[in-house]
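Both complexes below contain subunit A, partnered by subunit B and then by subunit C.
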Partner chain A sequence: MSLRVENLTVRLPLPNGSVVHAASDVSLDVPRGTITALVGESGCGKSILASAVMDQLPAGARRSGSITVTTPQGALDVFAGEPFRGLHAALVPQSAATHLTPVRTARSQLDETITTLGSPRTSDELAVRVGLDPSALDCYPHELSGGMAQRVAVAGALAGDPSVIVADEPTASLDRALTDRVLGLLRECADDGAAVLLITHDLASLVRTGVADRLAVMYASRLMETGPAAEVFDDPWHDYTRDLLGALPSRGLHPLPGSPPQLTDLPDDCVYFLRRPETRQSGGPTALVQVGDRSYRTLREVA
Partner chain B sequence: MSLEARGVVAGYRRKPPVLTDVSISVPAGTIVGLSGPSGTGKTTLARVLALLDAPRAGTVTIDDQVATGTRFAVQGDLRGSVAMLFQSPRASTDPRLTLRSIIAQPAEVARRPVDVEGVAARVGLTPDLLTRRPYQVSDGQLQRACLARALAQEPRYLICDEATAMLDAATTATLVRLVEAEVAAQGVGVLLISHDEELLAACCSQVSALADLRRAPVQR
Partner chain C sequence: MTTVQAGREERPAGTGQDAGQAGTVPDDAPRPSEGQAPSVQDLRRGRHRDIWAMVGRRLLFIVPVTAAVSAGLFAAAKYSPFDPLVGYLGTRYMTTSDADKAIISEQLGFDRPWYSTYWGWVQDLFGGDLGLSRSFNQPVAQVIGERLPWTLLLAGTALALAVVVALVLGIAAGVRSGGILDRGVTALCVVVQGLPPFVMSLAAIAVFALALGWLPAAGLTDGGADPTVGGVLRHLVLPVVVLAISQVPWLLLAVRESVVTSKGEDFVAGAVSRGIPTPTITRRHIVPTSLAPFVNIVGVRLPELVVGAVLVEEVFSWPGVAGAIVTSARDLDMALLAFLTIGTTVVVMVGSLLADVVVALMDPRVSTDG
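Take a look at the complex of A and B:
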């Protein structure tokens, strides 16, 4: 009942010959009963990790490394070609309102999910579980608010009682009350035993709700820092984490210098020094250093 | 010197109004915050203030001059005096145009000279980005271009309607600081609409909740 990503590297060749560095040597553990939040600026490669876990990388993608979902029946390699989507690992998509089919009611889409997965659940039961009135399921997606549509998407993800739930920006463009409800719902899923990977750029909500157990910070396809969320928020070890947190309104609204890098044809090592030249944790060969249950990226020591 | 709405009633078509007797004032050279949950009429008020939609009752006043129409029917000396920055930069730009054309378009329509490079530099867009089209830049870069487009009109007032809701924290901080710089340098008055109350508290001189601006209609 856990998710393990080991040394995942994903490269996406473009028609013009350049290559997108979508993920570079990413290793991440999401144990059962916990939420790990993967954060970073837009365009840093977070969402590609969701695609990789669901084995839905774009055609032509080159990948190395492994992703393992541990279920009550044993370990499962997501790239092995066995059916697992919805059953062992499920995705809560960004912008559920556009993800649902517009010409069918929420109920008919949930029912189809349940039948396909051979799940013993009923759509009413799932609706109640996500805090929706079952009558709302008879609405078409455009009749639902953004928050209700997002809860329908969570209900769909829960239909197969998956061991792993991947939520890709589930709170994008929801207001605060709705954001808190959706995050609370993911917390309940984790408390019921699922391993939840929450991909988001909404740091403010994570700080406010404290919903995440662990935090992984990504910059330009690489992990910069991982650790217990509360500790990383209080005392970031990587300069990038500190910069990212400093941009929050509650922490002074300090803009980062420059723009986030394009992921096309990145050099083979961490590029944070191009953004902030004074950092002493980038600008040469770097490695993640593990200290207790935390890790951070820094220059490799030259022997 | 301020952008004011007085006793505005507005809504969609024949439905009951979403705004009833709402008044707000945005003084020049300040940032005023407006908060409220989704679906309570923040955008409707923004569109009335930007002279895009006519209110059913009430007036919009720009520097003590009452606006007499909307869009191109606004009297000449008020036309283009309120600019707007929308939530989705993708939905508010023409995908076929380059960023240069997008930024220059409103000024060209008004047959005014425009210094695209200068205004792009003010918002931190590098010259190489000006030849790109929207699909070739990030949301943050495109929203900067939208801000440049708004500033190129040399507006007296700027309305940012959830302009940072789709952006990450780092890009939000950058954009808000740019808007603050324009307020300080050009004396622009800004209405910042957001459901992020922490953000409003961090950069506004005054924050109102939409619900508090509204008075119940008089019962007859």
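Take a look at the complex of A and C:
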């Protein structure tokens, strides 16, 4: 009942010959019963990780490394071609309404999911579980508000009682009250035993709600820092994490210098020094250093 | 402030700006408006009312359009290079004296201004008299009564065949776009689109009627024989197939296009991530979403079918109304021509209305504002 990403590298060749570095040597563990938040600015490659876990990378993507979902029945390689979606790993997409077919009601699509997965649940039961009036399921997707659509999406993800739930920016278009509700729903899923990977750029909500158990910080396709969320928030070890947290309104609103790098044709190592030249953790060969249950990226010791 | 914003966010999209009560709306209420929360049943009932309103509006709109089209037709006929006397007298035209021509012209009303002819026709029409067809020497009602069923048989069968072929091949090509079937079918469509229906008709006659002798070249029956079901069916094959083939390309390319578009949409990725198998995604997600734009195209391009039917009926000497359009236009047989023109106008408008109703029923997002 956990998710393990090991040395995942994803490259997306573009028609013009350049290559997008979507993920570079990413290793991440999401144990059961916990929420791991993967944070970073927009365009750093976070969402590609969601696609990779669901084995829904764009056509033509090159990848190496592995993603394993541990289920009560055993370990499952998501790239092996066995059906696992919905049943062992489920996705809560970013724009929930557009991830539903527009000409069919939410109920019809939820019922279809339940039947396909052979789940004992009913759509009404799932609706109640996500705090939705069952009559709202008879709406077409365009008749649902952002918050309702997001809860339908969570209901769809819960239909097969998956071991792993990947939520890709589930609160991107929601206001604070709804964000807290959706995050609360994910917390309940984790408390019920799922391993939840929460992909978000909304650090403020994470700090406010304390919903995440662990934090993984991504910059330009690489992990910069991982660790227990509370500890990382209190005492970030990587300069990028510190910059990211410092940009929060609650921490002084210090804007990050420059803008996030394009992921096309990146060099083969961490590029944070290009944005923050004074950093002493980037600008040469780097590696993730593990200290207890935390890790951070820094320049490799030259022996 | 926060509660009001939360309320607004909870409101379904597209309900516009809220009233002050938004914060009190239960956040699961579907599509509340003006502080009230209509049920899903109300939503559906409202939708049906909107569709009926659209039908009423569009039917009313047909009246001024047909009036304008018929008036325009009579005016255009007056200034057309064809002389109705030539059509009326036929070979006798050369042997009739100018004085006699003037008398005949006056008797038949050829020298009256067009609005006077038009007004007479309108009065007769509302009196229940469709007039006399000079080209066929029959009352217009009889011409239509005898010929319309054959046109409906030909055009209906051809359209049904074209729609089925376009749907099956278009969906297959769209689902595996870029594949061998897709490339073959698309290339063929482009070629067929470039062939005028009369060229195709003549080629079909040359190959299947004359060279191979499999099927009759023209007409409804073998010369002089009474129409039998088998005989009519044999005569129906070539014109139906030619008419269907001439309509298939734009239908098929439209289906393919909307399937390809749907395929790349988020909802397909969404269905995949929920574990729905590919055949089900094609059948229950991609096809239902693609059908509405397809029906739309069928509605919009009904005139193509009419034009195709005219040409095919002409070439195959099919005794339908479409062929009669050509005859009546050449002879300036106004009674018949006016009826056929208005009939075509009404068929096209009602057809496109029907298509819009089907689209509105299939796709709940489609607006019924007209």
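Note that in this section the second predicted complex is superposed on the first by the 303 of 303 C-alpha atoms of A that agree within 3 Å, B and C clash if a C-alpha of one lies under 4 Å from a C-alpha of the other, contacts with A are read in each partner's own complex, and residues count from 1 in each chain.
Here is the rule we use: a contact is a pair of C-beta atoms (placed from the backbone, for glycine too) under 8 Å apart; a residue touches a chain by one contact, two chains touch by 3 or more.
Here the structure is a predicted model, which means the values were calculated and not measured.
**Q** Kindly classify A:260 by the partners it touches after superposition: subunit B alone (first), subunit C alone (second), both, or neither?
**A** first
**Q** Of the two partners subunit B and subunit C, which one touches more residues belonging to subunit A?
**A** Of subunit B and subunit C, C contacts more residues of subunit A.
**Q** Looking at the overlay, does A:176 come into contact with subunit B only (first), subunit C only (second), both, or neither?
**A** Both: A:176 reaches subunit B and subunit C.
**Q** Once the shared chain is lined up, is A:135 touching subunit B (first), subunit C (second), both, or neither of them?
**A** A:135 sits against subunit C, while subunit B stays out of touch.
**Q** Is A:249 touching the first partner subunit B, the second partner subunit C, both, or neither of them?
**A** After superposing on A, A:249 lies in contact with subunit B but is clear of subunit C.
**Q** Counting only touches as set out at the top, which of subunit B and subunit C does A:145 meet: first, second, both, neither?
**A** both
**Q** Which holds for A:83: it touches subunit B only (first), subunit C only (second), both, or neither?
**A** So A:83 only meets subunit C here.
**Q** If you lay the two complexes on top of each other, which residues of subunit A touch subunit B in one and subunit C in the other?
**A** In subunit A, positions 145-146, 174-178 sit in both the subunit B and subunit C interfaces.
**Q** Give every residue of subunit B touching subunit A within the complex, in rising order.
**A** Those in contact with subunit A are residues 37-39, 87, 124, 138-141, 165-174, 176-177, 195-199, 201-203.
**Q** Can you name the residues of subunit A that touch subunit C in the complex?
**A** 54, 56, 83-87, 90-91, 93, 95, 97-104, 109, 112-113, 116-117, 131-133, 135-136, 138-140, 142-148, 153, 156-157, 159-160, 174-178
**Q** Going by the contact rule set out above, which residues of subunit C touch subunit A in the complex?
**A** Those residues of subunit C that touch subunit A are 2-3, 5-6, 9-14, 26-31, 39-40, 43, 265-267, 269-277, 280, 284-285, 288-289, 292, 362-365.
**Q** Which residues of subunit A touch subunit B once you look at their complex with the stated criterion?
**A** Against subunit B, the touching part of subunit A is residues 40-43, 145-146, 172-178, 201-204, 243-244, 247-250, 252-256, 259-260.
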